[in-house]
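Consider the two complexes below, in which chain A is the common component and chain B and chain C are the respective partners.
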Partner chain A sequence: MDSDEDERVPLSERPEWADVKPIPQDDGPNPVVPIAYKDEFRETMDYFRAVYASDERSPRSLGLTAEAIKLNPGNYTVWHFRRLVLEELGTDLHDELDFVNSIAKSNSKNYQIWHHRRWVAERIGIEAASLELEFTKEIFSLDAKNYHAWSHRQWVLQALGGWENELDYCDELLEEDIFNNSAWNQRYFVVTRSPLLGGLEAVREAEVKYAVKAILSNPGNESPWRYLRGLYKGDTHALAHDPEVSSVCLEVLKEKKNFVFALSLLLDLLCYGLQPNEEFSNAVEALRPSNSGPPEVNLKETICSVLETLDPIRSNYWIWRKNNLRPSSEV
Partner chain B sequence: MDSPTVTQRDQLMVEMKVAEIYHLFASLPHHAQTLMLELQRDNHVEYLTKGLKQLGPNYAVLDANRPWLCYWILHSIALLGDFIDCNLENDAVDFLNRCQDANGGYAGGPAQLPHLATTYAAVNSLITLGGEKALSSINREKMHGFLLRMKDPSGGFRMHDAGEMDVRACYTAISVASVLDILDYDLVQNVGNYILSCQTYEGGIAGEPGSEAHGGYTFCGLATMILINEVERLDLPSLLEWVVFRQGVECGFQGRINKLVDGCYSFWQGGVCALMQRLHSVVVGQLHAKEQRTVENTDSLQTPNSSDAEKVPGASSTDGGGMPITDSVLKLSDIGFSFIKEQIELDPLFQSIALQQYILLCSQVQDGGFRDKPGKQRDHYHTCYCLSGLSVSQHCWSKNVDCSPLPKAIFGPYSNLLERTHPLFNIVLDRYHEAHDFFSGQ
Partner chain C sequence: MMGDLEVEKHVQFVLSVEKKKDDFESVAMEHIRINGAYWGLTTLDLLGKLGVVDQDEVISWIMKCQDESGGFGGNIGHDPHIMYTLSAVQVLALYDKLDVLDIDKVSSYVSGLQNEDGSFSGDIWGEIDTRFSYIAICCLSILGRLEKLNVQKAVAYIVSCKNMDGGFGCTPGGESHSGQIFCCVAALAITGSLHHIDKDLLGWWLCERQVKSGGLNGRPEKLPDVCYSWWVLSSLIIIDRVHWIDKEKLAAFILNCQDKENGGISDRPEDAVDVFHTFFGVAGLSLLEYPGVKAIDPAYALPVDVVDRIFIGRR
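Let's turn to the complex of A and B:
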């Protein structure tokens, strides 16, 4: 056995802690949700309570917070106090990043670690940018959709910079897994917020092509469909009247499989003023189950009816859409 | 054919496991099916009560979340219509009081720093316990000060002193203030702007501006906007479409696009669906306004207006900056109360029976407790949110809160019926009403 646990000397036996009187947890006589702490945990927290209560911002306190964090990385009070100590001691924060690395790899879904990391990176400043981008990359190699890591990466880009290769990075991740919605979201973040790309309008044409290509390779993948709509956020008129958008719907409908997202988008395009030609009506009509009733009055209603039958988990939603089509805009 | 991606591979594996369970179920004779669909009440209560009395050393990682453990357990027991004995109730009130900070708010354990999430959990626990002793133990005056101290000048809230700011923090702060009848415009100021900045192009709401839409944050964001009377500012048709697309072939909900189903989203996403039912006229108004705007643009060739809020009929109580209209007589803390008083105009837009099927057959652990999905271990968090989601999906067909659901709204035996929960606070309704009377009378 060579684990740390076996080598650990209890705090009560360490001479440098002899002057500190540990403070036991005040759980009351009959606490609910009591935890059967191991001795090591209980003792570490008793000493932590003592230095926290006396606000002792010392090197030994710093060491003690590290021990406590290893036992429970979710204890935000310990992390908070650790930051106070780091500030007081003027510790080299590069070492602190190493410390966080050692904790984060096995606790990558913990709020406290990421908040702490942001605090450290903010103080190191611009030179932390590449370190942080690299660090999140490592996390994504284990879990490409880690929510906290993506938030951290976005914060790094906005606060410290490093936008240069971000679109390429999104490409890379999407090439690996075109269903990775976090990577699609990051792509949207980059094209809308990167100071190097000139904003959504400037990139829209290229991004529409990118999304269309992804849709055609996997029409049942929701991510590029939402992304495509997002490229026209707030501009429903442009969405409805871009032939690239309506034609991708048509192309998918004609394949007669994985067409739910195509139909759902076409429904919105029609609501936003797209005038359908016969090709659209025929493609939708061809999807109508043979046992369905008489044809609907207009294409929007037909789409809702088709979806009601062929997208059964959302049938209530499609019935609702059908009942709430705007009467005055009927074709 | 290309080889499947990580997302496809993981998804397929879950679909197969779930399909296996549903096939097994379908192959059983009727009486065995009924048995399998039965809510194992006694086992759940036993598992929960045991946790309230003793937790093993592995729970040390939740040592800063003990009010959460209280809430997950107490709320689950309340949903099941059960009670804990009087001594245990007193012990719970006493323990939570030891988590209350002298300057307001509740911490994750005794002598820890007060935190908004554990404050929400502690307050909801005390209301669930109910009674004079529990309710009067909350220092509301100090609480208001704590909430104000957690407020960031930008409008959002921080989880604790110098802690992280996100949509969760906004919800827990506003929910606590509302339920304790201490919500005012100082607390509400600019919260709406912050939440609005977190609605994504996908339609759902993210934890922070720029992040990905997520079930937990969408519930928090939507509930907050309702509680501060600014819900019309969100793009509700997009939000609705995003949430109904989160229910998948497994019959349960996923938290984000192309992620795996998880029983806890039965409440986060199912709860969003339940809230949307009560916003029907606003949603339809926005839906039509979007179309109207497009038609007008076609006529006049004007630049489209990117703000949805201004075109919504039924007008918001605020202008674009989130400032109150001064002559408004609206009392903010009453919103949560009146929200559930009105008759529901709309049938649920998700598949409530399918959701109950996922919860009972895939998330329920027969020995007690609930889990994320088949193959995972039970825990108190998933038990709380699977039961909350089950309650929401059982009651969502009842037009008003005083009606009992019809048998056809309940999957499995009618004895599966749970207590109704308040969809904004997630507190069992009669406990909520007791607290509302208590605090509004003070």
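Let's turn to the complex of A and C:
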């Protein structure tokens, strides 16, 4: 509920609007989907249509768009007209950021708001970088996975800068919630794109350690497993032959808990050429359900069979993986 | 026991949407009424009930939403956006009435939104998103004017949004998200560019989206939601990996999200229904070949018979 709703004076009773004739929405004949309007909203929009139709780019129009946006921040045309008015009046855009702040907190999933925010920040330029990073931070304190805010933040970093503390910030968010896939994605974004870190190769060793630590704290967490693979960026040979990678799989398998992703990665490592020693075979063998049939011919098939039983919702995927092993299976 | 699809009640729900007085939801829908028309009317068509709405009224209203630029607004007198333009074209296609359009004008509006790097803006203000790439490609393909785009660059931009997990984000480096993945996969399908996708890697990511309840989520560790039945499922079908998920459990999840008294489908069981999730629920069941629901095309998001009519007629 809007707290200042009681104090609102209808536009039709405000002297500064006496010269404007409101225009109702034309719903066409017998609207397909008839719209029921709340009175206040209807009145505001009727006046909005009037200033929009006469293209009145004035301070009172700016105020009116603010009222309309507060009633319905999703209305695309109102935002569109507001930008035309802002351009015409040469308004201080820092004030506009404050206005967006007041709207965004309660409507952080609205596309229009983010688009508008970016338009404003783009015009302010480099000095907006720190403001925007701070602003998205506030949004993440309410919803750490807000897709629009992440997209905005990535744009800010690339267009306006501010990379210095970004890896630390990812760390901070992951400390709060190690399952936050958006923060993992941002971490990958930083290590692959930051102009300050020297590229993926330069950070790989440290990042592998980071991912391994996260995996060991929560082996059922999909995100660090995918992050770990991503650090090799399609270099399957390097992935398969990095002992850090195979040993984290082994360690998780030995714990015998939440090991679906560990088995899945081990399967891929074997397909990419890892030669397993007995320790791997024993760890996998220990996971075979007691009621399963005779042992498979090779380790890869055993892994698929275990996954087929323990991840039943995706059993068809694991069966497919198993069938696909046949042509090149010499383990 | 999940029970059946309440076809008649969903039809009544779609027809009654927004008749409720003083309902803020309906007020907030005014500006996207043309999207609402697409969701509602496509639902009716999938259920074999498109005839309950007066076709001429719909078409004359749609045409009043067109702006002089050739693009369509969300309602009469509203500013044009590529999103509303696709909905207008899709609704006209449902009725086999694409001929009422000045096709060159609409396609010029859409192709005018392509940027130098191959991406698309949603409107004159320049917001860029792979959603708009899909919309532009889908729209011009329906209109038979794909050649008006630089398809090669459009595809290259989409491919630049591919992530290490096989998925796609809204811009290069953006987190993989089922909705964005649908847009990218469908756009690549329409342009004959599916070879850019690592189907096994993406397929596995997509089937990891199925959670214990049978529903699908949009990203790791998020709640399942009926609308992802569409985005995940259509992507899986396009890359030919749909058999990797448990289809029966998914159908049961969708059916559990029905309001069995008043019709409509919600995002999750026991939540409030809306026309958006009603469409995606019915469309999801259509992809699951639920009896009595017409087949929907996973890339164009229109009934298969409508898509066939468009393309067979053109050959």
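Here, the second predicted complex is superposed on the first by the 323 of 331 C-alpha atoms of A that agree within 3 Å, B and C clash if a C-alpha of one lies under 4 Å from a C-alpha of the other, contacts with A are read in each partner's own complex, and residues count from 1 in each chain.
Everything that follows uses one rule, which is that contacts are C-beta pairs under 8 Å (C-beta built on N, C-alpha and C of every residue); 3 or more make two chains touch, one makes a residue touch a chain.
What you are looking at is a predicted structure, and each value in this text was computed from that prediction instead of being measured.
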{"item": "Superposition on chain A - do chain B and chain C clash or fit", "value": "clash"}
{"item": "Which of chain B and chain C A:176 touches, first, second, both or neither", "value": "first"}
{"item": "First, second, both or neither for A:26, with chain B first and chain C second", "value": "both"}
{"item": "Chain B versus chain C as contact partner of A:229, first or second or both or neither", "value": "both"}
{"item": "Touching partner for A:273 - first (chain B), second (chain C), both, neither", "value": "first"}
{"item": "Chain B versus chain C as contact partner of A:163, first or second or both or neither", "value": "neither"}
{"item": "More chain A residues in contact - chain B or chain C", "value": "B"}
{"item": "Touching partner for A:240 - first (chain B), second (chain C), both, neither", "value": "first"}
{"item": "Which superposed partner A:185 touches (first chain B, second chain C, both, neither)", "value": "both"}
{"item": "Candidates 2-10, 20-28, 236-244 or 290-298 of chain B: the single one with C-alpha clashes against chain C", "value": "236-244"}
{"item": "Common ground on chain A, meaning residues reached by chain C in one complex and by chain B in the other", "value": "25-28, 30-38, 41, 45, 49, 52-53, 71-72, 74-77, 80, 83, 111, 115, 118, 145, 147, 150-151, 154-155, 179-182, 185, 188-189, 193, 222-223, 226, 229-230, 233-234, 312-314, 316-317, 320"}
{"item": "Complex contacts: residues of chain A adjacent to chain C", "value": "25-38, 41, 45, 49, 52-53, 71-72, 74-77, 80-81, 83, 111, 115, 118-119, 145, 147, 150-151, 154-155, 179-182, 185-186, 188-189, 192-193, 222-223, 226, 229-230, 233-234, 312-314, 316-317, 320"}
{"item": "Chain B contact footprint on chain A (complex, rising order)", "value": "23, 25-28, 30-38, 41, 45, 49, 52-53, 71-77, 80, 83, 111, 114-115, 118, 144-145, 147, 150-151, 154-155, 158, 176-182, 185, 188-189, 193, 221-223, 226-227, 229-230, 233-238, 240, 264, 271-273, 312-317, 320, 324, 326, 329"}
{"item": "Residues of chain C touching chain A in the complex", "value": "17-24, 26-33, 36-37, 40-41, 53-54, 57-58, 60-61, 64, 73-79, 81, 122-123, 125, 127, 163-165, 169-171, 173-177, 203-204, 207-208, 210, 212, 214, 219-222, 243-246, 249"}
{"item": "Complex contact set, residues of chain B against chain A", "value": "5-8, 51-57, 59-66, 69-70, 73, 87-88, 91-92, 94-95, 98, 107-113, 115, 159-164, 200-203, 207-208, 210-214, 240-242, 244-245, 247-249, 251, 256-259, 284, 287-288, 290-295, 297-298, 304-308, 346-351, 354"}
